[in-house]
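The following pair of complexes shares a single chain, chain A, combined with chain B in the former and chain C in the latter.
Right after this comes the complex of A and B.
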């Protein structure tokens, strides 16, 4: 293997890892703090991507306004998810199962709403960073570096919010024990709404980033959500830092497997890793036995 | 032939241009005049004929599915303006096949049959096995026209032509992409328009039956044209990061790269990542680049890409007129290349039904066999060129690989993106080609 090939594999691996990481942050946050697997995450990503597309393409707004539009739309949809479905299920015994089914339904609604609003033809995401850097004979687009930087930035922001803020403390308390947090005066309903809004905004930003590479289509969120789900399981449910680290590591492993074994074995390798990890460490690589998820 | 039908055919031969114009025939073009002639003075005021379409209106292929719906709607509208089928208007119904698994496809078709009592199913493509819907059709005794583009259809019909008499694939099987492309490259070399850098060919496919059949056809017949396969890579879809595949290509640069995966966004990403560090390879893709999304996502990186489709709207008088009508009705960005498929499919069936004295309802085996016989005898010139069916395979002939007469086969179109801001140039086959092949910028440089 020449140095150029090795560089190419690392560049591809980091690009894949960055895309997975950026998709994972929001999913991991909701899973960790609410114990809720949000299968509408992919739909939120698509809505975010299309919001930036509409703001920048149809309305001609500048790049920051495009990102802001995506964040606002993601936050709004997160709030609607809570007030439209989640809050009615919170007290149900089978909350964790029921909410999965509810979010599957929501995912269909979101995908079809995008289809009706923007049509089925794939579109180009106008939020693009032109240019590239050359490493040996390998060209690394700045867009890929932007996605990696965004993933790391989102992870840091979420970490700071959870560790350093009053709201973050309330979220962590709710994650540890919902009833106990409620007895201590935490407004659990508000925390749920807040986390869903935040996760919606994170999903929207990831949708913008991913669509800058893959293009926009109504079903664009499905594949990144599947990969994010795998990464959450490998990292340990709800562990945001672990999820980002696992995403980057899995991206590199996938790229290497694609080169050495063939592209079709890349995803199979990820699934094999999930099986091995779950046998070896049932709570994931970074998970703990206790339910302290964040 | 009944006296009544004889009279109608005689009338068709003498119908005046004004009458044709009044009925929208001059607008529709092609073989549509036959239908207007058969209809004579009749207006579409009789009992409606329900027709159905099971198509992916949602899911990953919705972009095509919506165009298939548009194509059938436009055909029904125009046919009804000509008097329908012998005075009976067509009434289209649609069912969503979503992700297009066989189970979903069959249920959708069964609903059209049970709920709406359709006389015919007039589909675009569904990417299931391509051999499941035919069973439902055979049991219901109706006619089925589709554009699944699969050799599986030909083999199924051949296995029992008596049972599957009513199922027709109105375009050639995907297999023909392989030999057709190899022949095309040979012609480029013979004409001195391109010289291969070496005899190596990289074939990249995805896991679907359609893509794999094309890739295998290239692999099997490539050696007859002096090619050796240096890379045969199967990718998972969707795929946006092509780095590992490109690393293999750059490690052993081939003279030609053929990609048989067909998602336009994925193909556009391949070009975006290939162009900064290219190899001197002729790049060929199929189907995906015909869709607007390919140019939309890839921009200038797509300039120079060759691509083909065994069914596509021609850039001639009939094709252009259809494109104009289609875009006027469905918007400037509407994909007439996909819509043209179901548009032609509807006409093929409608003309055959009129020639047979009318379509047959479910279970009217005798009448529908007459319709099927007429379809097999028909040579229809539509927006996609000629539709003529192979006996006992009920699939369209491809030109020039299967027949060297352009009036007897559907043209296997070769196009090239030469300027991403414009429509691609149709460069072959003669006499349909309107542009010239140009060397891709990465080879020219």
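Right after this comes the complex of A and C.
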């Protein structure tokens, strides 16, 4: 009996954690390489979810095409964010705070564009797989397993891209030191655009995943985005690998808190964790110590 | 601008504001301008934290809500007159704000924004998710903080009895007085030694600290000082509408007020107020195109941050410098 409950908590905790990891990695990459807190991330998630919905529902395309549509839309919006706003602001003195305000504006545009295009009522995400498997006495839906597998695959691809490829090296170099990378011949502008496109695509995929469990609505990105921020903060903004482990850990904690304290206190527990972590370790659990030279 | 310049602008605006409800005595206009004054009060205080001290706190609307809820609950549970409950609520807000300031002490830049956003969200969730009945008197089950429906029937300011049909004018002039005091308050702080210390810590924290300016001390000061009129504005907001609900925590309202500061000019004395008046006005004009309002607001914000990060007042100052 106890074991069944534990299996249940672990199964739903891992699914939550995997979804969070996908959305968090995008945020963390953007912060790590651009020093930019992207509050439009939730809007990107909603757009991704609705792109899959449109491709599969209105156009009648098969499942992989739905996912592909979300990825393309996310990448496109990422590129638009860079070429429409961020590139003009990089030289501003107060870039870090101004860009947050700009992305708040973008978030509003995205959310209301979804509202105008698809209406306010909640929709069912057609990107679903039916069926379930039995683990002990617990039934785990195939959808959860698909989410977990997709998330792991994406994390692996991102890690390979960052660690092994030429572009990945350029991204890491830019994150370390923008000027030095530029002097070594890295086209910093292109790298920034690429990082925002990648983050947009990851946000869109996580939007599809989340909406397959909770349904589609224009404001669906708000809560997951806040959770992604929490995970980023706990891991230390910009720490991509810390973000993945923190996402899984927090997914499990949330599932546990929902079981012990009731569903409505799961999110509140997460928020309390972030407040405590920020006060105790201002740079996050795995964040680098910021040494400021005067 | 010189002291005389500020004085002239201030007196002119005051004269217009006093004359306005007598020239156009339209109920709707009076209520909306009252609301503009309330928001104006909040942004002039938020500007002290964000613009002058350079701390990117998003907690201001949560503090506004603390003031509003404190006043409403003092009136509802203890039957206090709102005239006493409002200043007490403002003092409660100061205490809460100092606690938030302490929590933010070791953080910088966007981390402050994240922490303050998380705090605001916790307050919202505590209010909305609490469904246990605290009292069942009157209109049935009521959670301690009023839950999703919020609190009503906690008293009023008494202008209906005193002014009869013109009771809205009473609220209007209280809001105007609140705004004027808040503006003078922030002008005195900005021009005084405190403002100098805030700006020094914003522009060059290392140099400021090496000159003996304590970041700890001044950060607590700015959180405390900016909270008083914010809390008072919140309390008056509750009194003005005779109800308060969790909608004051909405992201849309937060965005609206950030946009006011950005459009007007962050860190300047008149900028936030100018932004408040302009955006409230634009909002009215766009009322018939409600569905485009939020998209327009978002695009406006992006436009200003990219092209005019100093806002309209920054633009005016830049032109004046060029002419000089």
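We take it that the second predicted complex is superposed on the first by the 280 of 294 C-alpha atoms of A that agree within 3 Å, B and C clash if a C-alpha of one lies under 4 Å from a C-alpha of the other, contacts with A are read in each partner's own complex, and residues count from 1 in each chain.
By definition in this document, a contact is a pair of C-beta atoms (placed from the backbone, for glycine too) under 8 Å apart; a residue touches a chain by one contact, two chains touch by 3 or more.
In this text the structure is predicted, and so the values were computed from the model without any measurement.
Chemist: Can A:267 be said to touch chain B (first), chain C (second), both, or neither?
Modeler: In the superposition, A:267 touches chain B and chain C alike.
Chemist: Between chain B (first) and chain C (second), which, if any, makes contact with A:104: first, second, both or neither?
Modeler: A:104 sits against chain C, while chain B stays out of touch.
Chemist: Contacts for A:91 in the overlay, against chain B (first) and chain C (second): which applies, first, second, both or neither?
Modeler: neither
Chemist: Based on the superposed arrangement, let me know which partner A:166 touches: chain B (first), chain C (second), both, or neither?
Modeler: It touches nothing on chain B or chain C.
Chemist: Tell me which partner A:233 touches in the superposition: chain B (first), chain C (second), both or neither.
Modeler: In the superposition, A:233 contacts chain C only.
Chemist: Please work out whether A:112 is in contact with chain B alone, chain C alone, both, or neither, and reply first, second, both or neither.
Modeler: The answer is both, since A:112 touches chain B and chain C.
Chemist: Could you look at A:15 and tell me whether it touches chain B, chain C, both or neither (first, second, both, neither)?
Modeler: Once the two structures are laid over each other on A, A:15 reaches chain B alone.
Chemist: Need the overlap of the two footprints on chain A, from chain B and from chain C, as residue ranges.
Modeler: Correct list for chain A: 111-112, 115, 264, 267.
Chemist: So in the complex, which bits of chain B are touching chain A?
Modeler: Touching chain A: residues 58-60, 62-63, 65-66, 207, 233-236, 238-241, 243-248, 250-251, 264-265, 268-269, 276-277, 291-293, 296-297, 299, 333, 335 of chain B.
Chemist: If you look only at chain A, which of its residues touch chain C in the complex?
Modeler: Listed in rising order, the residues of chain A that touch chain C are 31, 37, 84-85, 88-89, 92, 94, 96-102, 104-109, 111-113, 115-116, 222, 226, 229-230, 233, 237, 264-265, 267-268, 271-272, 274-275, 278-279, 282, 290, 292, 294.
Chemist: Can you tell me which positions in chain A touch chain B when the two form their complex?
Modeler: 2, 4-5, 8-9, 11-12, 15-16, 19, 111-112, 115, 119-124, 132, 137-139, 213-215, 217-219, 223, 255, 258-259, 262-264, 266-267
Chemist: Contact residues on chain C for chain A in the complex?
Modeler: Chain C residues touching chain A: 56, 103, 106-111, 113-115, 117-119, 121-122, 125-126, 129, 206-207, 210, 251-252, 255, 258-259, 262, 291, 294-295, 297-302, 305-307, 309.
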